[in-house]
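When the chains are written out, they are named A, B, C and D in that same order, and each has its own residue count from 1.
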Amino acid sequence: MHRKNKTIIVLGIVAFVAFACPNLLAQDMPDSAAVDLTLDSIAVLDDVQVATGPAPARLDIVRDAEGDQGSSVTLTWHLSPDDGSGADNVTGYEIFRAESPEGEFESVGTASKGMSQFEDATTTDGVTYYYYVAAFSDAGSTPSEISAGVRSSPQWFNSKDANTLVIGLIICLSVIYFIFHAQKGKKFFLRKIAGLEAVDEAIGRATEMGRPILFIPGIMDMDDVQTVAGITILGRIARTIADYDTKLNMPVSRSIVMTTARETIKQAYVAAGRPDAFSDDMVHYLTDEQFGYVAAVDGIMVREKPATCFYLGAFYAESLIMAETGNSIGAIQIAGTAMPAQLPFFVAACDYTLIGEELFAASAYLSGEPKQLGSLKGQDVGKIIAMVVILILCGLFTLAAITGSADILELGNTLQGWFSAS
Amino acid sequence: MNGKQAASYVVLAIVIVAFAVSIVLKGLLVTVGAFLTLFIFSFLYKDNPYYKFAEHLFVGVSAAYWMCMGFWGTMVPNLFGKLYPPMVGPVMPALKDNAAEPFMLIPLILGILLLLRLSSSVGWISRWALAFIVGTTAGLNLIRYLRSDFIQQINNTTFSLYATGATGFNLGETLSNIAIFVSVMTGLIYFFFSKEHKGAFGVGARTGIIVLMVTFGASFGYTVMARISLLVGRMQFLFGDWLGMMQ
Amino acid sequence: MSNGTEQKSIVERLQFIDRRIIFVFIGLAVVIPLLFGVSLEEETTPIVQRLFDFVDALPEESRVLLSFDYGPTTAPEIQPMMDAILRQCAERKAKLYMMAVWATGHNLTGETIAKILNPEYPEYQYGIDYVNLGYKAGNQGLIRLLYVDFKRMYSTDAAGTAIDSIPMMENINSLKNFDLIISFGGGFPGIKEWILYAGDPGKIPVGGGCTAVSAPLLYPYYPNQLVGLLGGAKGAAEYEAALLKAYPKFRGRKMAGMSLMMSQTVAHLVIMLFILFGNTLYFLLRASGKGRS
Amino acid sequence: MRRTVPLFITFIVGTVLVLAEFIPHKPFGNLGDDFSLYFDIIAVFAFLLGGGNLIRVHVTKIKRKRKDWIFSIVTLGGFLVMLAAGLLKIGNPGGIQGDVAVIGSLFSDLYMFIFTPLQASMFALLAFFVGSASYRAFRAKNKEATILLIAAFVILLGRTPLGLWVTGGLQDTSLAFLQIPNLANWIMDVPNLAGQRAIMIGIALGVISMSLRVILGVERTYLGQDND
């Protein structure tokens, strides 16, 4: 037990260092596809001054947009001296583009005053473009110098996202590592989750009372991962229900969920050796409309009086309507969702609630398969990474605030920059 | 039994008369809206035929509503309009000159595979479509959640615990920062699966539960308000638009 | 729940008071203030004020995208926010781009234009100062596509006019061309998706107006990923208060959010009384040794 | 064929989509969006299954004169009328080319005058249920429930003028932070925010691990058990 914890912590620290390193390296490697332009290479255009317009802006960098799918050039400029100060008459900037410095320039867009960046997302890859930006006011407009040629191109790797990739890899690899580890017969300790302990009892109760079990997989479609979680739990529960020979009623609000759930339940019944007991009618579609669905589910509840209700998936406002109605008919209710806003209602009105992450862990718990359980341990590594990063960075920032040291602050900011999503 | 039946006929008669009077006084549309509202509210008393009527009507109308929206909003412009634009010319002329996108054959084929579910002999083929759907969900969500809910939420939790304001050290803010720090940490500890909640770890986990309970209580309290405003909207309709009792 | 044979004390029976009695009280609490038409002015909290200040600091002709991501069900809560922000934007002479990622938002867009924008700001011209782009399906995918290529999804406006013939759409190629995006709505897709698929990747300022339910889970995005947030009727009432303070010309007009607050307040008090009542009973029972723990 | 192919499809689709997030180059850059679009289209196909199921269930009910069969006629009637109104764009001012939900069409009228009041009323039921749930749930039964109760109560109080009135005396004292509205805001901004974050981080890990299990084929329940 003790050794293993150490392993996890070490892994966490290694992870933290590992994600930091590639970023350190990435800092020094400019994007090879980018064409940086400094002011030296910008031709000066001095014959188009408009006396009445504002002072011109100064083009700073014109280059291919980084880590994108091409067709995009980024321009940045220094604001016109008359923007926000001076004559303060700039109303905006207009960006012009041509395929040769002498060519016919056409407008590709405008930016509001105070803005110093523009992304031209309408370029054709491989074509060389020349740009200038014109500061305009009611009186007229003043162009900047024309930039040197720039070409847009798509990149094969989104360098801006390198840290996401590394962090993702570490978490995924630790999950995979523990899956394999568990498969080799390694036993893990897993804490109890009250809602899951109660599943068998809840199904048994319905059997004794001779009343049906209601299963609600949320109101979202299969493109929500919570629905997928709900359906995988259904697969485990259906097996028990088939064994107990209890009636299952599953109204759904999405047709694809209906198809998937039927497939899942059918196979559970086959596995239980009771394929004859399965019927497509166990799962029926009502409507895609959230409240139409809940109106009908409420009707089913008060008329059929299920002994047990499962609510596992993605829920919105309907959660409380269902849970309160279920409560009024005296059903045992087990809920689970990763919708933070609905958790309080389930906690208040249901007997057991799987909170957030527990929903995704539930199918692994119920399966009892070592490899599934192993993945849960992998998740814990993720939590350790989270805690270590928060600890280190809060520590650095606090230290910087107390000592007033700019170096520590700098270090903290750099690290924080690496651990950021965009 | 007979008395009960008689009572229900009386109620029905009253509803019909009231409905008729309301149509004469207020017009058909407001009347329909008002009565459907009352039918739904009657569920609060108990299940009854009027609620059943509203419920069944709602299911039928809304199922068709979403189908029509799906057909005209997705199927026509995004499938047929992309597969073979001239085909949708008569209904959506704006699209007919677009270039065809042959890749849209993929969803067409997958959609048809899904429909094969209806056949008992090749029904298993629908699993291919399901596999595609679930694979897409898994692939897309993995990175999305990693980015926005994992990395970014951690990033948001990295700050100096020691807070200073215009007048120097700020005790209140410092305490709040420490509270956030401790709460996030203990909240995470609660979710640990592979470690028993004992000893110091157990203290952390129990603190975590307290944090979660405060969170749930706060959300619940906050929500009470939202739920009531929905009722206010309905009451405004009933007493204002329908009965005309509000200024 | 059922009346057993054993005699139960009054306290014990009140414990399981019929919930229909609670329903009656809540109904009355909402209706009575409505019939008397009183309203409540709120003090503006920072998370609301920040959005207000941001909008107020927008230069003229800034491009503001208003996304109607709600339906009639949440309109009582959200519409007051929309009205207040719309008025402020119009005062700031912003260019208004209206769209919806909710199918139900489409009808509300038309209603809002007809009820607020056209009568109060007759100088606002369609196609030049505001545009109604309508609803498109695709949820978060739509937002992502709009970020990459706006006109690929919106090839026409809601009325079917070709997008290139609308003057104010000329320079809109991506969501990045907007100075501010405000999403109104609490559900999915909504503010969260706007943050994840537009605000975060493009560093575009995103503001939100949502139901009180979704507000707590959007809090974590403030202030880094979200300019400001209006939560529920209270948020709306606070925004209205800020508006009244900055633009006294609106004084004397009926503010929907504020009148909503009165009914809510009374209903709140009723619910709190019930909670106190329930707990008192509970402790009385426990004291007499009959309570369950 | 029945199991291996689907597992293979899931693996390939999942892996490619994960990688595509990091490859802006064509054809990977748009893959996520394209696949989401595909999903929407498949979902519309599935409507046929759903609608067919709806019709079948209710027709059977009517035929066999099961309990409440008369209401099945209401469902079917509403369904067919709305479907016809929408698909054929009956009464649409723009004819078959008009926007399906344009104001003035039968579809839009049915939506506004039947669908909307039903939807809004159903939603409004929540006000009543939230009341009964609070009454029942907010009891100081144990430590956790007590904390839940206190947090909820402070927030509720902070949202009403009563909160200010009760603790108004603290204004301008060093204990001003204990004023109920301030305390309510603090609970929202500090413990609530922290709790939501912890939940979100946990959920993200749950989703990552779950997605990974699905992509790797470790979790395959959704395809049915291992029997054929």
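In this section, contacts are C-beta pairs under 8 Å (C-beta built on N, C-alpha and C of every residue); 3 or more make two chains touch, one makes a residue touch a chain.
Treat the numbers as computed from the prediction; the structure is a model and nothing was measured.
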item: Chain pair, A-D or B-C, that carries the greater number of C-beta contacts; value: A-D
item: Reference subunit A; chain at largest CA-centroid distance; value: C
item: Chain centre separation in whole Å, for subunit C relative to subunit B (CA means); value: 15
item: Euclidean distance of C-alpha centroids - subunit B vs subunit D, Å; value: 3
item: Length of the line joining the C-alpha centres of subunit A and subunit C, rounded to whole Å; value: 23
item: Shared interface positions of subunit B, touching two or more other chains; value: 40, 43-44, 52, 54-56, 58-63, 65-66, 69-70, 73-74, 78, 114, 117, 127, 130, 133-134, 136-138, 140-143, 145-148, 150, 152-154, 156-157, 181, 184, 188, 191, 212, 215-220, 222-225, 227-228, 230-231, 233-234
item: Per-residue overlap in subunit A, given as positions that touch at least 2 other chains; value: 69, 164, 168, 171-172, 223, 225, 228, 256, 259-260, 263, 285-289, 291-292, 295, 303, 317, 320, 340-341, 343, 345, 347-348, 355-358, 361, 376, 379, 382-383, 386, 421-422
item: Multi-partner residues of subunit D (each touching 2 or more other chains); value: 18, 21, 30, 32, 36-37, 39-40, 42-43, 46-51, 54, 68, 97, 101, 111-112, 115-116, 118-120, 122-123, 125-132, 134, 136-138, 148-149, 152-153, 156, 159, 188-189, 192-193, 196-197, 199-205, 207-208, 210-212, 214, 222-224, 228
item: Subunit C partner contacts - residues on subunit A that touch it in the complex; value: 69, 91-92, 107-110, 112-115, 119, 121-122, 220, 291, 316-317, 328, 330, 340-341, 421-422
item: Residue numbers on subunit D that touch subunit A, as the complex places them; value: 18, 21-26, 29-30, 36, 39, 42-43, 46-51, 53-54, 57, 68, 115, 118-119, 122-123, 125-126, 129-130, 132-134, 136-138, 148, 196, 199-214, 216, 218-219, 221-228
item: Residue ranges of subunit C touching subunit A (in the complex, touch as defined); value: 1, 19, 59-63, 73, 148-149, 171, 173-174, 176-177, 179, 187-188, 200-201, 203, 213-214, 216-217
item: Subunit C-facing residues of subunit B, complex; value: 44-45, 69-70, 73-74, 78, 94-95, 144, 147-148, 152-153, 156, 215, 218-219, 222-236, 239-240, 245-247
item: Parts of subunit D lying in touch with subunit C, wherever the complex brings them together; value: 30, 32-33, 36-37, 40, 94, 97, 99, 101, 103, 108, 111-112, 116, 119-120, 122-123, 127-128, 130-132, 134-136, 138-142, 149, 152-153, 156-157, 159-162, 185, 188-189, 192-193, 196-197, 200
